[in-house]
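Quick heads-up: structures coming right below.
The same subunit A turns up in both complexes below, where it pairs with subunit B and then with subunit C.
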Partner chain A sequence: MTPVGSPKPVDALDSAGQQPTATVSAPQSGREFAPARPIWQVLLIRPETVTLALLIGAIIVGSQLSRFFLDISYILESSTLYSEYSIVALMLTLVIISGEIDLSPASMMALSACVFASVFQAGAPIWLAILASFACGLAMGAFNAILVIGFRLPSIIVTIGTLTLYRGLAQVLAGDRSISHFPDWFVGIDYREILDVPVPVILFTVAAIIVGLFLGMTIPGRQIYQIGTNEIAARHAGIRVQRIKAGLFVGMGLVASLAGLITASRLASVRYDMATGGELQMVLMVMLGGTYIFGGRGTILGTFLASWLLVIIATGMTVANIVVTSQLIVMGVLLITSIIATNAIYARSQR
Partner chain B sequence: MLRKSLIAGLIAGTALMATTALAADKTSIVYIPKNTGNPYFDSLVQGFVDGCEKAGCTFTTAAPATAEATSQIPFITAQTQRGVNVIAISPNSPDALDQVFDRARAKGTLVFAVNGDITGNTQHRDAAILPVDFTKTGPGQVELVGSMIGYEGEIAILSATTDAPDQNAWIKDMVATLKSNPKYAKMTLVATVYGDDEPQKSTTVAEALLSKYPNLKGIIAPTTVGIAAAAQVVQSAGKAKTVHVTGLGTPNQMRPFIKDGTVSAFQLWSPYNEGLLSAYFAVAVKEGKIKNEPGATLDVPGLGKVTVGPDHVINTQAELTTFNAANIDKFNF
Partner chain C sequence: MQPVSATDKAPMMSLRGITKQFAGVEVLRDVDLDLYPGEIHALLGENGAGKSTFSKIIAGVHRPTRGTITLNSERVEISNPLAAQRLGITLIHQEPISFPDLSIAENLVMGRTEGSLLKRVTWGEMTRDANRLMNLLDIRIDVTKPMRGLSIADQQMVEIARALASDSRLIIMDEPTASLTPKETAILFRIVRRLRDEGRTIIFISHRLEEVRALCDRVTIFRDGNRVTTDTIQSLTDTDIIRLMIGRPLQDYMHKQGTTIGDVALEARNLTLPGTFEDISFTVRKGEIVGLGGLVGAGRTDVAKAIFGIAPAQSGRVLINGQDVQIRDPSDAIALKLAFVPEDRAIAGIFRSLSVEQNITAAVPDQIAPSGFIRRSLEKGIAEAQVTRMSIRLASQRQPIGELSGGNQQKAILARWLLTDPEVLILDEPTRGIDIGVKAEFYDMIGALAASGRAILLISSELPELLALCDRILVMSEGRLTANILRAEATQEAIMFAAVPKTTRQIEGVA
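The block that comes next holds the complex of A and B.
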């Protein structure tokens, strides 16, 4: 039940279950409201709950499939193979909640890593190379932002274009060869452990907490939901829509170059084809986490759980020697199931 | 009564565990091809299966969907976790796998590069099992075309791209062989052309060869795309009797040309033999029968004596396998 006043107003109960901070029309007296749903329903019937249930289910199935599966150090080690994508997926969650999409992050990872490697190979100190990589990420993100926001082009088309463009530039820059021989301290981030947890996993977890707090607790974070729910209403409410969206696209560029550096460290080499097809994995994580593809709904907790779900499923099936074609089918079925569940839950909570 | 059956059950259980432990004592090998659905690697896998049956090892294979540089990493990690003794892999990248190889080897797993080596990073694997001694490819091809044309007349080479490293090395050997060996003194190389490994372009340059050199007697195409294109052109032109096509091709692709007599023989190595050798070698090393060091030798049934070369490289075959009407039906890749 939405209050009258604006044509498509923001849901009073948005997906995080909190009161939006900026645009709540005062309830008009004399109108009847539907009774509030019981608290257990609010807590349980959520997309993240579905993801959590799937995660627990996957762990149980995985441990039944192979006796080699349930080994925390192995699962953590395997998760380092996905943590770059997981970190980018966190940022991508914000972009999708805001009603846009970015399909270029995997290519941005490749190009910024190629910039890093080329600068390093040219003899520059490694800190300069890392700086160059972030500058490249910033520029790529800004370019996406200019096209989407400045020229008002649909982000899906723009980023499909830059997906190809950035990958092409990476190939021009690095050629078909791979660049390696980085200093020892830079190589092997996935083998460095703090309290037996590999560094990329820690980075991912810390990033999830930071981004989660930003999205849930800060004013700009809450405004992202409103932009995604109804951009026109958000603009009328005085939200700086363009500025926030531009910030998100630039943020994608920076996060992608961080992910590119982590990958370069993990593989000890850089090639233009780094993370090919990774954008689909990232979108898969966001979707599995219950983020609504048309914007306005979704949480970082969901994406966080979905990243682990993906790790558990892929790891569990690989260690059980399940052929890769069956693995792809399982992933596809899972994605469709989760989208149906997400839509059903949102339809229910919107009544 | 209950206790008796319990004890019996326990004994049966212990016996069962003992037998599984015994089975686990056999050397376990996993082979990770570049990707799924490639008949070349299916043939290699069959070699492993047959080799393991005879040499006594347990074998599995697991492959990623794509041949992308990093797609094999999760498989290596998973197999290490499964505790296999030997990981045999046709690496998709010469350097992106170094770290994960090191990790597997630190846990006592032997890592063999099969069919292709991680050139420049060979310290990260235990041995490499390569198809054939590639220095013999050039001379072998010259001898084959020579035997077809009676060691006399004009020949041409149809290659892949101008900068294909393998083909260029072989062509260099061919030219050197033609010059240095008096046996081939009456053979003249009139042209070397490049079809870029594209069927259409290879066909066009092969047609150009026929019209430009009417006295041409032989074409060597040391690339699978080139040889098929050249055979097709000669067949369409009805010149199979006068122009002899040979080179490197796969049996499945060349079968029709062998059957109808357009091509009398061509060469390649046998991926099946690579699998076979890898299985025998893995068992021998794991059971301590031979040391994995340069100079060690191993007798493999059907392949003869193979020697571990410098840098732990083993060539499965000294010479290329020649495929002709007599033997082609034994191969399926």
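The block that comes next holds the complex of A and C.
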């Protein structure tokens, strides 16, 4: 351009630069010299890619540990231990993307399962017991929703509270005994298979597809991201923030009671301490899948991959005879690492 | 080399060959610039020309891809904002970024306590300090209140006060006046001149030529990432500047002619929200553009928010087309074909990390998902049409909107609301940060909307904007309506007179 400071008359400059001027000042000129980011960069800054890489790595390491790992049916079998958590983690992904959190689902699983068992034991037909369990899930989710949305309390505090409350209620209801003697058709869901795939795994996969489509393709799904990104702007844009968030909390309750029923079927018995500590595994799956703890970002694909990653790691550790206490350490380290990694990736793409 | 007419001193900062690329897109190209002590230097250019990026490089927010910076004849690497602060460089951001939950006083001292971790700052000390700064700026705000509740203009003033609190040698102000009224702008100018007289350097970015003319010594004009010229303000006419900026002469905005003004579309009756505004009654008719002027803090934005259901009034009625309506949430308002472009785009407008497309279509879900599932092709097409219509400058429609320049973000938000095809349009400082080229087109667009029977309520702190566009101008002062001025009688003086609080007016009258 013009040399610095040469006192060139403006007209001279303009006529000299006539040709480039005309094109450069066209409004959309920015797009012409601006190719979109190369695809490899887009992929690289996606946290799901990290999850996938970890998954592949874990499979390779696992197959070194034991030849069982090359047996797909062994993996599928072990994964039934986690399917309940995985299903809840899908719903939890939506909650976290919307900028909230729910730490009570494991307790909701226990309480709704205890309701189911108690109603059944009292002599009601099993369908009524199942219905009661879902009603209980709905009520618990609605209670969370009222506290978080109606009273505008932070969801982390509310759900730590209800985590304890629901577990306590379960204990009061069922005492220390374990309730069993369910009909044959109800128990052993993990031993039933369709095309050699255990039913819980099929349930999880179908749920992942449905939730994934909902989140990625529908308006409410998109609005969950918008709420998580900027709640005030979402409200200004006419998005029914409270309604959507309430829906998510209620949804958590329903999904948790479904997970509770699956667990009851798998264990063929129900106790108040069902799924104790499960909320950590669920949060771990969501975080490992690259969902941003502060909301606005994350995918169902990530959570789906992370669930399998967790299955592989846990199975691997069992096969390698690592004691359960050490397994907890591994889980904790994974959780922290995944949060740091996701944060770093998102911070990078920000600036 | 530089036109040294402003000063004979050695430059305090020299920038050479500054180039910046974002993901391979070059947004600054070989920019050379010398800055002198004791000068107010304006940066001018269209939206997306690279002014903010250039400022952020100086302030250590971005690293240049190439180029060198010399400060007092020493090569410096400004690798982060803290390093800039240590070198005596302060940037007042285009979008105020503060800590909304901390008090104003805490925000003011933020960043000054570094290096003295052991030295505790006492509350009393901090509050006293903060009050002193606010008095300097002639602002009456309770400094113990949190930032959150402040209007964008007050936030801007707090940011400015914070910059003044540090004794920086170089202060960069990125569109500081965009949401200020003439009164605050005058205060700001007084302070800036004083800073210059103390020998500091100020970089001043604005889209208002008259401000640049009133304040600045030299100007640098950017176009598409190139520095096209640097000169003293006296040696450039407005026409020169505009031609250098946008490469074509500006078309004059003509007030819409011969629109028939129809029935009342929006009516407010005795709207009251105690402590904020009281007894607000007015009408806006179809085809009419009604301005709402007043000083910052007069309650104009609050009235708009009340009508739109964001913070509804406690008493009073809102009527749309003569019908009583209950608007408790923005979604109710949108269903009634109202639209509201908020003044604070960073907080109430954009979804920063989401794509431009998603941002533009956020208020019209039915248009992109007629069957319940989002159709990418529809979304893409709708967004594309708006990008062209508003000449939004971007690399890709799928780019996060946070990567766009301030003015281009504003255009995207305007596009979002125009897409809803509103019958009543409430615009709160809609041209904040929009360059003069697009502004004229935008005025035409507003005129055309009114001509097609839309009712428009325009809140603006820019008097020329109110005077050029409006059929009628309402003025608010201290939460009350104080004037209703017809187009024929509207003058800057009349508006300002009604805008000044009564209490002050009486004092001035006595004096």
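Keep this in mind: the second predicted complex is superposed on the first by the 313 of 351 C-alpha atoms of A that agree within 3 Å, B and C clash if a C-alpha of one lies under 4 Å from a C-alpha of the other, contacts with A are read in each partner's own complex, and residues count from 1 in each chain.
Please note the rule applied: a contact is a pair of C-beta atoms (placed from the backbone, for glycine too) under 8 Å apart; a residue touches a chain by one contact, two chains touch by 3 or more.
The structure presented is a predicted model; accordingly, all values stated were derived computationally and were not measured.
Engineer: Once the shared chain is lined up, is A:Ser78 touching subunit B (first), subunit C (second), both, or neither of them?
Structural biologist: First partner only.
Engineer: When the two structures are overlaid on chain A, which partner does A:Thr276 contact: first (subunit B), second (subunit C), both, or neither?
Structural biologist: A:Thr276 sits against subunit B, while subunit C stays out of touch.
Engineer: Which partner chains sit in contact with A:Arg222 here, subunit B, subunit C, both or neither? Use first/second/both/neither.
Structural biologist: The answer is second: A:Arg222 touches subunit C but not subunit B.
Engineer: So, does A:Gly188 touch the first partner subunit B, the second partner subunit C, both, or neither?
Structural biologist: Only subunit B is touched by A:Gly188; subunit C is not.
Engineer: Kindly classify A:Gly238 by the partners it touches after superposition: subunit B alone (first), subunit C alone (second), both, or neither?
Structural biologist: second
Engineer: Which chain makes contact with more of the residues of subunit A, subunit B or else subunit C?
Structural biologist: Higher number of touched subunit A residues: C.
Engineer: For A:Arg167, select first, second, both or neither according to whether it touches subunit B, subunit C, the two together, or no partner.
Structural biologist: The answer is neither, since A:Arg167 touches no partner chain.
Engineer: According to the stated criteria, A:Thr318 is in contact with first (subunit B), second (subunit C), both, or neither; which is it?
Structural biologist: After superposing on A, A:Thr318 lies in contact with subunit B but is clear of subunit C.
Engineer: For A:Arg46, is the partner it touches subunit B (first), subunit C (second), both, or none of the two (neither)?
Structural biologist: neither
Engineer: Output the subunit A positions appearing in both contact lists, the one against subunit B and the one against subunit C.
Structural biologist: In the superposed arrangement, which is not itself an observed complex, subunit A uses no residue for both subunit B and subunit C.
Engineer: Considering only the defined contacts, which subunit B positions touch subunit A in the complex?
Structural biologist: Per the touch definition, subunit B meets subunit A at residues 36, 60, 62-66, 68-70, 73-75, 77-78, 81-83, 93-96, 98-99, 103.
Engineer: Could you list, by residue number, the parts of subunit A that touch subunit B in their complex?
Structural biologist: My answer: residues 66, 68, 71, 74, 77-78, 81, 178, 180, 187-188, 190-191, 266-269, 271, 273-274, 276-277, 314-315, 318-319, 321, 323-325, 328.
Engineer: For a test of understanding, state which residues of subunit C touch subunit A in their complex under the given definition.
Structural biologist: Its residues touching subunit A are 1-3, 23-26, 30, 32, 34, 46, 48, 61-62, 223-224, 226-231, 235-236, 240, 243-244, 246-248, 308, 310, 329-331, 333-334, 340, 342, 347-354, 358, 362-363, 365, 368-369, 372-374, 387-388, 391, 393-396, 398-400, 402, 416.
Engineer: Give the list of subunit A residues in touch with subunit C in this complex.
Structural biologist: Listed in rising order, the residues are 1-5, 7, 10, 13-14, 21-22, 24-25, 27-31, 33-38, 41, 217-219, 222-223, 225-226, 229-230, 232-240, 296-297, 346, 349-351.
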